[in-house]
Every structure is written in C-alpha cells, then in structure tokens.
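Next come two complexes, and both contain chain A; in the first it sits with chain B, in the second with chain C.
== the complex of A and B ==
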C-alpha cells in the first residue's frame, strides 16, 4: 500500500508538466476533497462522533488567506490558516466534546451557520461590503501546495492510526465508558485529535481561497464542505485506510464531470449516485475492492 | 490504612435514593463481597467509586487520597480497576489489543509498546485466553468476554479490583473457573471488591460481606455472620 501511494504521488507531482491548464485546477479540487475527507476520518471515522464542522474549519482557512494573503508569504498564510482552524477546533472541542452523539453533530452543524452569519454581520457593519478579494497565486503553486498538504494529511492519518492513540480512538468509538475506565483520558484525546484534524482543513481552505480569488461568508462557510467529506468517506468506506482517499477522489471527480455536463441537475444526479451506493455498498468502495481481492486469491478468505 | 474507604457516600437519581449515606472500606489484601437484591444500589456504588458517577455527598479515598468526583481515567491510573455488569469489551478490536489498551493507558507511567505486548501475553495466559488469538472480542463467548475484561483491568496494574457480577450468566464449570481466577488474582496481592448473586461463590471467596438494601447498608460481617443474620434473610425472602 505505501508503495502504491508513492507511485500515485509521483504521478501527481509530475502532472503539471504534462497536463498544464484546466486539469491542474480540476485535480487540485479533487486533492482538496481528499484532504477534507481524510482529516474528517482522523477524528470522526475513529471515534464515531459525527462532526459537521469541516466547513467551519475550511472557511476559517479561507478567511485567513483573504485577510493576511497580501501581507505575508504564501506558506506562512497556509500554516496560519491551519493553526487558526485548529485553535477554533480546540475551543469547540473543549466546550462540546463532553456532549455525546447527536448533540455534538448538531452543535458542529450550528457552528458553521453561526460563524457564517456572525461574519456576514461583521463585514457589512465594518467594511460595508460582503466579500473580500484574495491574493492571486498561480495554478501550479496552488496545486503543489495542495499536494503537500495532502501528503501531510495522509501521513498524519497513517501514523495516528498505527500508534497507541489510534487504538485508543477506536476504543472510544466502540465503548467510551470502557475506554475511560481503562485509563484513557478520553476528553483530552478527543479534543487534541479534533484540533489536529482541523489543521489540514484550515490549510486547504487557505490555499483554495487563492484559487477562488473572491470569497464571501456564503462561499467560505458553505455546508457542502461539511457534508461532502462525510459522504465521500462513507462512499469510500472507512474500514480501510485507503477507503476515504478512494471515495473522495471518485466522488470529487464525478462531481466535476457532472457540473460541466449537467450544470443544473448535477446535485440531483450526485445525490442519486451516492444514495444508490450507500444502499447497495454497505462497506463502500472498500467492500467492493476487498471482495474482488478475495475472489482473486481464490477462496482463502482473510480471517478478519 | 485501608486501601479503599468511603464515608457517607450518597447518590440520588431524582427522587430515588440509589445509594444513601453508605460507609465502606476494603483493607489491603482483602476480598470483600457486596450483595443485595436487584436495584439495591450495588452497581451505582461501583460507579461512584470508579468515577463513572460523582456522589452528591460523602468522600471516597483510595490509599488515603481523596478521589471523590475524580474522572475514571485518573482513578484507574491511581490503581483501581473494574469490570462491568453488562460486559464492556471493545467488540471489533482483537482480544490482545483490548487487553493491551489497559497496559498502554492505565498506569501512571508511560509503558513502551514492547512491554505492553509482553504484559498482555502474560495476562492472556493468566486468564486462559491464549487460544483465542487475535479474534475480535465480539466473537467470544460471554465467559471469555468477561475474561477479556478482567485481563484488561489487570493490565492497568490495579491494587484494588472491582468485579460487578463476574459470574452472572455463566454455567457451572465457568463459575468454578471464575472462582478459581478470583483466588489467583488475590494471590497476586490485589484486593477485591465483588458484587455477586451466587451465594455459594461469594461465601467461599470473601473475607467479609456488605449487604445493601434500598441504597442503605443494612449488614456487614464475615460470611458466617451474614448467613446467620435475620435481617439479611428477611430482605432476601421478602423479595
């Protein structure tokens, strides 16, 4: 698996050289969704706490770029976008991660709407305009920054998953009361992991904003950025580490195609495709791949 | 100094006094039984001791340190481990990793993965689970899931172990094995506080027994004293 990842990475790194222009931005948007999905899975996929906050963290990253983009070098802006989101996640986590289940999901959902409206009010009060222009960055730079964030996201997800903390996060998802009684500081672990996952969402938002060139609160804090990672993760399957990557890449690509081919019906079509997939692929694409793999190895079923 | 000591411990759920003003203690090396009819407040008392719930009144001390209202992970790292009446294993996690979590997180000092793996192997052998390999815990029988819970609790290196109805739902052979396991845990120098309904088991395993009824402690003494107590007999016959 790491070998395959490396090959895909090398191909991606070479892409701007042999496919300049539109394709670079298309692939950047796919990478952006992979980042959102993989970082969402770092926290929600393991603990089972359904976070609908990605749009909040992504949006904070975008606004970091809008506010600081002209003043500071791009890498600093991207890092600050990640840190700002992470701070927000830390605060939100400290307040809400004592809430169980559905309350947490509703709170994170409300958070996105709250920030959007607060910002809207602030912008109109203070600046008299709704939106902001973001510093221009050339497409290849956007692409490589996105790719770098993606590599860090995937590596972080991989190392957390392999570590004792990955096991502890899984145990929280399976039985939180047993976990805390086994000595796991569940509150601290949840808050820190939530904050770590937000770093990548914020960083991705900061670089993505430069591609949009103009943002306003509706664009930056669009709830689609919260729902898409959840759907992409489920579509890919969270049973295997590559599931969310695959799910995000496939759905993001489909989305791009549908938008260009059917600009008015694309949401409907995407919705239908996702519904069918969720109904008929209980373990997502991962389930399909694993079944095919088992068949290929002729009957010697992996004992899972 | 007793290893565990409670004074006036009280917990109400709305109007219901689940545990009211209960005093208790467990001395070092002792095995103490906690009995009482269903709904007497036994599990609630365990929840108060382990930190799952905070008492409204009273204090609880572990090794002389006040643990009243502390969080369960802190209490666990201070040397108190427990099992649950409705068994709580991590269903999709392989049995060894279930146990290893206790080693990795349940002690005050950082334990290396290699040491945790070693302790896990030793404990799986101790509770008789070597043969199950890396099976997810959900695929085990109830008796074996209870062994996983005990092993995970032991992995946190407790000085005091709370067992909530370890033998409920087990057959005769399994009960005998569980009793023998309790005896071997005691040999490791671990004190035990156990809730049990099976009288024969509790009479043979315990040095001392406490009886709860409607949240109050109504009797305490040696197994012989408890078996002869009129009050206790009335409570059980009254059910």
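== the complex of A and C ==
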C-alpha cells in the first residue's frame, strides 16, 4: 500500500508539468476534499464522535488568509491558518467532549452557523464591508501547497493509526467506558486529537482561499464543507485507511462533473448518492473492493 | 416599561413558533432516534406550499394548516417506513443507527432543497395576511402573529393531551423510554416510530405555514430553524416534550430581547445560551 501511495504521489507531483491549466485547478479541489475527509476521519472515524465542524475550521483558515495574506509570506499564512483552526478545535473540544456524543454533533453543527452570523455582524458593524479580497497566488503554487498538506495529513493519519495512541482512540470508539477503565485519559485524548485534525482543515482553507480571491462569511462558512467530508468518508468506507481517500477522490470528481453537467440538479443527485451509499453500501466502496478481492484471491488465503 | 412589555410579548409570539418546531424535532429524536437535519426543510415545504396555495388559489393560510400538516405527516411517515426503518434493522447498535440516520437526513436535506428550488425557484416569496395592528396592553402587534401564537399553542397543548391521555400516547412514551421492551409488551414499535417521525414532520409543516404568515419564505430558509430547533431540544432536555415546549418560549424571549438590541445577533445569542447550558447543566431544563 505505501508503494502505491508513493506512485500516485509522484504522478500527482508531475501533473502541472504535463497538464497545465484547468486540470490543475480541478485536481487541487479534489486534493482539498481528500485533506478534509482524511483529517475528519482522524478524529470522527476512530472515536465515533460525529463532528460537523469541518466547515468552521476550513472557514477559519480562509479568513486567516484573507486577514494576513497581504502581510505575511504564504507558508506562514498556511501554518497560521492551521494553528488558528486548531485553537478553535481545542476550545470546542474542551467545552463539549466530556459530554455524550450527540451533544457534540449538535454543537459542532451549530458552530458553523454561529461563526458565520457573528462574523457577518462584525464585518457589517465594525469594518463596514461584507467580504474581503484574498491575495492572489498562481495555480501551480496552490497545487503544490495542497499536495504538501495532503501528504502531511495522510502521514499523520497513518502514524496515528499505527501507534499506541491510535489504539487508544479506537478503544474509545468501541467502548468509551471500557477505555476509561483501561486507564486512558479519554477527555484529553479526544480534545488533542480533535485539535490535530483541525490543523489540516485550517491549512487547506488558508490555501484554498487564495484560489477564490474573494470571500465573505457565506462563502467561507458554508455547511457543505462540513457535509461533504462526512459523505465522502462514508461513501469510501472508514474500515480501511485508504477508504476515505478513495471516497473523497471519487465523490469530489463526481461532484465537479455533476456541477458542470447538471448545475440545477446536482444537490439532488448527491443526496441520492448519499442515501444509496448509506442504505446499500454499509462498508462503503472499500467494502466492495475487499469483497471483490476476496472473491479473486479467495482460494489462496487461509480463513483467519 | 412599554418596551419591556413589548419585548416579553414579542418573545412569547416568537417562542410559540420555536416551541412547535422543537417539539417536532423532539419526537423525531427523542422517540424515533433520528436527529433530523432536514427538519427545517419540512418547515420550508410548509411555508412555500402555503405561499402557492394562498397567492395562486386564494386558499386561506389557516385552511392550509389543515392541508400541509397531514401532507407533511404522510411524507414523514413514508420516509421513516422506506428509509429509517431499514437503517434501524441493519444497524449493529443504537449508536450506529443514530449516526447513520443523521447522515441519511443530510441526503434528505439535499434532495428536498433541490426539488424545492426546481419547483419554486430561488426567489424570496411573501404575501400579506391579517396584517392588522392589534393593541395589546399598550403595545402594538400584528394580528397574524397573535394567530400564529394561538395556533402553535393549540397544536402543542392538543399534542400534549394526546401523549399524556390516550393509549397511543402511552405507546409513544413507552417507545421513548425503551423501544425493545415496549415491543415485547405488544407495542407495534415500527408503526409507533414511523408515527412519531410523521408527527414531527407534520409539526414542522404546520410551523412553516404559520411562519409564512409573518415572514417572507424562500427555499434555503430551513437551516437556521434546524439549528434553533436543535438548541431548544438540547435546552429542554433531549427527548422531553414539555422541556421543548418551555425551552422554545425561553429561547423566544431571549431572541426578542437580543433582537431589540441588535437583530443581527439573535442566532449568536441562542448559541451562547447553548454553550452556557452545556457548561452548567448539560441535561437541559427537564432532563434527567
């Protein structure tokens, strides 16, 4: 699996050389969704706490770029975007992660609307404008920064999964009460993981904002940025590490096609895809792949 | 003094609507265990349908209440039968069902909102109905707001009596406490859950009719109401019907006071109350 990942990575790194222009923007947006989805899975996929806050962290990253983009160099802005989101995640986690999972879902769902309304009020009352311009960056730079964030996200997800720390997270997802009795400081672990997962969302938001050039609270804090990663993770399947990556890549590409081909029906089609995935693909695309693989190599493997 | 009275009455008028919306969500979450993100879309459907019925066919909005409520009920009942019952049957645990049903309700949200924008377009729609000033203890209110409050309270009280006094209501309460045991006691659990989901949708639809009498309606109006309903449900205690009713009025009063100071901040204030609640009393007003 790491070999395959490396090959895909090399192909992606070479893309701007042999396919400049529109394709680069398209793939950047797919990479962005992969980052959001993989970082969502780092926390929600393992612990089972359904976070609907990706849009909040993504938006905070965007606004970091809008506010600081003129004053600071791009890498610093991207890192600061990640850190700002992480701080917000830390606060949110400290307030909600002691409570039952459903409060967490409600809280994170409302968070996006809350920040949007507060920011809108602030911008109209204090700064007198609704939106902000973001400093322009050329498409290839956006692409490579996005790719770098993606690599870090995937590596972080991989190492967390392989570590003792990842095992502890998994045990929270399976039975939190038992995890407490096994001596795991569940609250601290959940808060820290939530904050880590937000870093990548914020960083992705900061670089994505430069591609949009203009943002306002409605663009930056759009709940679709919360829904899409969840949809993509479920569609791909969170049972295997490559599931969310596969799901995000497929759905993000599908989304681009649907938006250009059926601009007025694309939400309807996405909704139907989501319902079908939940009803008929309980383990996502990964479930299909694994089943096909078992069928192909079924005879050669011992039953374990 | 008059401003204070103004704010309190205004808050009660707003609170009645919030209470109705939140009671619907409480039924769907507290009994059927579906945290329905598309709750606000049923409100939107109620509002848009009323707009069409009133402006095109000239049907009185109060009559629309009797049309939209039952239609929303059938829609909700059917959705539960087709979608959520299957999810419940295939879910390995209650927790797994709660997250998969919540995700499925996103799907519903996308579908309903898109269908509505194909049907009605994205313009803001409004009509005037009973916009007569009424003098109430020195303050002036529009008659439609009073009618809306009256209808919301009537529906809420009627529903409370239904749950507290009838045999079906007893089955609903049993299902809310423990669906498995209720099933063993001879409650037809699948139809009770579908009934609750349908009733929740009917309340949302009815609330949409009432809202359209007062405010302009449009296709993407649902989401803020969903957020408000969730906050009220958490405020009243997850799954408590009287809690949602009281919580709705509490939030309405807060909203009216904040709106008096700065209308842009009401949703922010609601969320602030929610944060405070989680820190101080996470089980809600009526929660155990």
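Methods note: the second predicted complex is superposed on the first by the 298 of 304 C-alpha atoms of A that agree within 3 Å, B and C clash if a C-alpha of one lies under 4 Å from a C-alpha of the other, contacts with A are read in each partner's own complex, and residues count from 1 in each chain.
We adopt the following convention: contacts are C-beta pairs under 8 Å (C-beta built on N, C-alpha and C of every residue); 3 or more make two chains touch, one makes a residue touch a chain.
Quantities reported herein were computed from a predicted structural model and do not represent experimental measurements.
Asks: Answer with clash or fit: chain B and chain C placed together on chain A by superposition.
Replies: They fit side by side.
Asks: Between chain B (first) and chain C (second), which, if any, makes contact with A:268: first, second, both or neither?
Replies: Second partner only, chain C.
Asks: Answer with first, second, both or neither: which of chain B and chain C does A:155 touch in the superposed model?
Replies: neither
Asks: More chain A residues touched by chain B or by chain C?
Replies: C
Asks: Using the superposed model, measure off the angle between the directions from the CA centre of chain A to chain B and to chain C, in steps of 10°.
Replies: Placing chain A at the corner, the angle measures out to 80 degrees.
Asks: Check whether A:124 is in contact with chain B, with chain C, with both or with neither, and answer first, second, both or neither.
Replies: The answer is second: A:124 touches chain C but not chain B.
Asks: Figure out whether A:136 sits in contact with chain B (first) or chain C (second), or with both, or with neither.
Replies: So A:136 meets neither chain B nor chain C here.
Asks: Just chain B (first), just chain C (second), both, or neither: which does A:8 touch?
Replies: Touch status of A:8: no partner.
Asks: Counting only touches as set out at the top, which of chain B and chain C does A:292 meet: first, second, both, neither?
Replies: A:292 sits against neither chain B nor chain C.
Asks: For A:106, using the defined touch cut-off, is the partner it touches chain B, chain C, both, or neither? Pick first, second, both or neither.
Replies: After superposition on chain A, A:106 lies in contact with chain C alone.
Asks: So after superposition, what is the minimum Cα distance from chain B to chain C, given in Å?
Replies: 9
Asks: Residues of chain A that sit at the chain B interface in one complex and at the chain C interface in the other, please.
Replies: In the superposed arrangement, which is not itself an observed complex, chain A uses no residue for both chain B and chain C.
Asks: Would you mind writing out the residues of chain A in touch with chain C in their complex?
Replies: Residues 48, 50, 95-96, 99, 101-103, 105-107, 109-111, 113-114, 117-118, 120-121, 124-125, 223, 227, 230-231, 234, 264-268, 270-272, 274-275, 278-279, 282.
Asks: For the complex, which residues does chain C have touching chain A?
Replies: 35, 37, 83, 86-87, 90, 95, 98-100, 102-104, 106-111, 113-115, 117-118, 223-224, 227, 230-231, 233-234, 238, 262, 264-265, 267-268, 271, 274-275, 278-279, 282
Asks: Within the complex, which stretch of chain B touches chain A?
Replies: Checking each residue of chain B against chain A gives 50, 52, 71-73, 76-77, 81-82, 84, 88-93, 97, 100-102, 104-107, 113, 136, 152-153, 155-156.
Asks: Mind listing the chain A positions that touch chain B in their complex?
Replies: 164, 167-168, 170-171, 174-175, 177-187, 304
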